[in-house]
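Down below are the structures I want you to see.
Presented sequentially are two complexes of chain A, the first with chain B as partner and the second with chain C.
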Partner chain A sequence: MPVQAIRTTSTARNGVGAFILQCKRLDFHYCDHWGSSKGMNTFLRSPLLPRFAAAHPQIQIHISPRPNTHPIIRGLYINGREKVICVRNLEKEQILQKCELLRDATGEKVKRPKGGRVVGSLNESVRGVWDPYHGGNKEIFGGRIVGAGR
Partner chain B sequence: MKALRLLRWSGSVLSPRTRPCCFIHQTQYRPPFATNFLRFQSTAPIQYTPNIALEDDGKSGKAESIEAFFHNAPTQEERETILSQIPSPPPGQAHKSARLSALHARLMLPPRLPLETLARCLVDPSADIDSQFNNSSLSILGYDLLGLYTSEAVLCRHPRLPTEVMFAAMWAYCGPKTIAVITREWGVEVAAAPGGEVDPGYLQCKRVEAGNSSVDGTGVQVKELPIVATDSKGKPTFAEQGWRRGASSKTIKGDYFGDEIQRTELDYAERPELRQEDLQRKLEKGVTLEQASTNFVRALMGAIYLHAGKKAAYNFFKAHILSRHLDFSKLFEFRQPTRDLSRLCAREGFESPVARILSETGRKSRTPVFVVGVFAGKDKLGEGSGSSLDEARFRAAVGALKGWYLYSPLEVKVPSQAERGGQWEPVLVDGGEVVV
Partner chain C sequence: MAPTNRIGAIASRAPVRIASRPSYVCLQCRLVSSQAVHKSNPSSIYLPSRRHASGFINTEKWRKKIWGSENPPGQEDPYGAPGVLDQRAEERVVVEPESAKQVDTDEEELDDVEDYKRATTWEGLERVGYSSWGKEQFNMLHPFEGFMDPKLESREKIVVAVHRALVEVFALKQAGLPLVMDYDAGDVFLDNVDDFLLRLAKEAKFEIDATGEWRLVLEKQELEGDIIGSITPRADVDEDEEGDVEDTEEREKGEDLTEGEQSEEMVQKEDEDACRLAASSPATEPQAVETESLADYESSHHPSAEGPPTLSSIPDHVLLPEDNNWRNMSLEDPEIKFAVLKRVMQLTGTRIPDPVIADIKNTKLLLSHLLKKTKAKKLAENLVAGEAADLPNVQILERRYTFVHKEKELGRWKMIEQELEKRGLPVPGRRIRRTSPERVQN
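On to the complex of A and B.
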């Protein structure tokens, strides 16, 4: 039988061609009465929000009241997860910073990279996988290895 | 090659609502009242009973009549009634959807592609059978474009790929499974059920019923029902006839993934009623999410081509599909690599391949390692290591074959580049795979 093929799918590399921003929606919730929403209400009335929205047309922005609670910003992501930040008693500039934080997030859980594998890559190593049967011949002179490796 | 004047052609294909005029102007420019009024008068009769107006009384005027009717409805309730009766959202709703314009921006679509067309791309034939409103015509164009761009990218960069592997590479770049994944990665959401009142930013399709859902609450699962053979299924497939298909049959009779085409244009030409039957079946049974997303991405590709031209279409393809990662060397599956290699050497006029041990360790141990090279005369074609001599020899032959088949020229100009204003350059045409 001649050569056969295996069907697989290609894998995405976001940013190599097009870059898809992972945050797809931001919900702003405010309260008219509570003092903790003061900064949020100023933010919603200030030009900061229209400017942010105009700079990021790929993010839907929803604003709705949530009476008798602290104000929150909720980010919804392409992977289906969501991230919520409570912005009680924050000033409008601080709220903008939180918006930017939500915009830049991927929506994944925050994980600490463990072990040595901090960098993940789809490409092969340029040097190849090390194996003991190729490369320099090892000779031992007086307990020191000379000419080891490739 | 003379450049084709595409926009002239496409103008007659597109409906008046989706002409490639400037996107920004469309949102700001409102025609004066008199012209609106005239157009309403010149189209289908407008009456204040939704059922009459929604009947199809002339193909050309249907889009206008729905729009006109919708805007003339005096109360909110009447508008809602109209929306709930039509199968997909009317084109005029596209500018009201934040989800749709966010999608437009997220995909960095050219501004010349209007939101109405993007909304139309999201309407699957299973949601709306009317080809004036669904994406079927655009997806036919997109299917051909994706095939052209992908196949030239694959074949010009790897001119020696065996046919089967080429099919697999095509499938990996733009097969239905990949496209379904792409749609998900774009953040396209699917409407629970299609309808006129649904936000046009959702993918509108009728989903097939899940196999484990019960039939009318009886507790019997859908997948347990006997399969009813339908006449309109067409000819039995090659597999049903007990035939194994070779690469030549796949090239001639298959699509660009090497799969058998169930229904060709020839079938439709012979029995024109089949087309309507197929559409009706889709409308009744629904489609899988994979099929709906495939139609959407293809239609989007076609829409970009029609509205923004060849360059924009190619750039979109490059940014979203060609930029994906695919390791070609993992697509191969050899059955008898040593035989393939000796046939290849005979064809190319090399000396017949000989395997020689390069190094070994632990022959008598539990974990021996042999490194074997395969040579044609004095040239080493490939090398492999394994825990037995045969394994190492096979791996060496596979390495040599992959080295031959995966040859890639340094600088490639694809043929379609000439259409986009570049210089046409001939590309390498190889003899192909060995026949064993």
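On to the complex of A and C.
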């Protein structure tokens, strides 16, 4: 009998078909009075913000004063979570970087990969997870497998 | 017997030198020894019973030296006698019973009036002087009305106002009259403000004459009469009731003195001239103001009493002066500068600050100050006027984004409001009006 192919369906992944930007809204809060808001005020007045807003029509941009506090940017995501970055004393270019950071993020909590690993992934390992029973067995002491090979 | 207290112990160990006059002895020791000594031999010992400098030192001698006179001011014995406050207290005690007697007599008089029953508690009595007393009623009856006109925003109107001020000042100067103007006499005098302003725009021009001075040139002479008439101060004869006698006396005196000074154009308007000239002399002006009652002042001098007084319903660009020579005029002469600036401030409703007044040398600088755009104080104003506001995905709020805003966006606010009202709870976003005690009583 010929080998039968395993029937699988393609796993749905954002970007495989259409890409949906996870950031749905960015709130910019500034203060007219505090000095830490100077960079933010400059950013809002400059063409950087309108350019960013025009480049991302899927993101709702909301600008409002938040008096007597440091300036913040709040990003709201499709998974319902939000990320807030305080941009006190930053220049307008740095604030733009923070906007891009928020745009590129999902709403997921920032976690380290588990178990001391360096890289986490949704994909299975390409060559399989190691087990002692397959590959590189050594015969020592008359046939008994003492150490598993490489 | 050994004395138990410390003072007594010291006194017993080191007896005080009583025989000679002590240089310093503390009060306790003195008291103790005085008690001891008095019992034995009161007459031979000198010990002051009160601890005053006047007891030890001849203060009179030193006071005379300090003040340099035989009779130094102040009390005779400032250290010995009771102080000023004590003396006043004694005086008050003497005075009080007399005033108390007067109150009794007043009360007796009141009791004689029919239908009057003196209250023993404060229930039901009119309450006066609590924190919001009179404020609400006063504010509604007398809403605040400033003395200056509302500030002009339109550029054309400001230019027209400056031109008009110049025309008025130069008209007075060329007629040889003092540069004194009435604030809004034009409302009463001019039948048609629009027509007057149009004529000013077309016919009033400025030229430099042979001597190098600026002159106002009018195409029609009757316009000069209208201009001067519109700024002539006038005292209200009909409206004054109480102050009338004094006013008319002053005016009569004014008329007698100033007949000789009247120019030909002013013959028709005798009363107004007399009023103005009388008013312009410093002695009469303050008196005329004082005798006007408050109501008369409000009705005659109020800027908005007869609608927007100075600038009219014609579109602004039509009223711009045709000739632009006046923009180069110098304002170096202090009299003219003062009169022009004062009139400009009245017409535009803006106050020109003193350092700017000092810097204004010509009309151009004046116009540039009045026409310059003030920076927006709030960033929100800039943003609303900027590029970002046009984008469909951008929302700009001028006020803080609150819980109410959020709930309104989500569509839950109506329900929240209804539920709060149902439970009688305060609704956020609504001002709570405090009730006055008077209302609470009623």
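As a convention for this text, the second predicted complex is superposed on the first by the 102 of 150 C-alpha atoms of A that agree within 3 Å, B and C clash if a C-alpha of one lies under 4 Å from a C-alpha of the other, contacts with A are read in each partner's own complex, and residues count from 1 in each chain.
To be clear about the criterion, a residue touches a chain if its C-beta (ideal position, glycine included) is under 8 Å from a C-beta of that chain, and two chains touch if they have at least 3 such contacts.
If you're wondering where the values come from, they're calculated on a predicted model, not measured in any experiment.
Chain A has more of its residues touched by B than by the other of chain B and chain C.
By the touch criterion defined above, A:60 lies against chain B and chain C together after alignment on the C-alpha atoms of chain A. Of the two partner chains, neither chain B nor chain C is touched by A:86.
Contacts of A:131 after superposition: chain B is touched, whereas chain C is not reached.
In the superposed pair of complexes, A:48 makes contact with neither chain B nor chain C. In the superposition on chain A, contact is made by A:78 with chain B only, not with chain C. By the document's definition of touching, of the two partners only chain B reaches A:17; chain C does not. Once chain A of one complex is fitted onto chain A of the other, the partner contacts of A:7 are limited to chain B, with no touch recorded for chain C. Touching of chain A by both chain B and chain C, each in its own complex, is seen for residues 57-61.
Within the complex formed with chain A, the chain C residues making contact are 377-380, 382-383, 386-388, 391-401.
Within the complex formed with chain C, the residues of chain A that make contact are 27, 29-30, 32, 41, 44-45, 47, 49-50, 53-54, 56-67.
Within the complex, the chain B residues that touch chain A are 98-99, 101-102, 104-108, 162, 164-165, 167-168, 171-173, 175, 177-178, 181-182, 184-187, 247, 318-320, 322-327, 330-336, 340, 359, 361, 369, 371, 385, 401, 405, 433-436. Considering their complex, residues 1-14, 16-18, 20-21, 24-25, 57-61, 78, 122, 131, 133-134 of chain A touch chain B.
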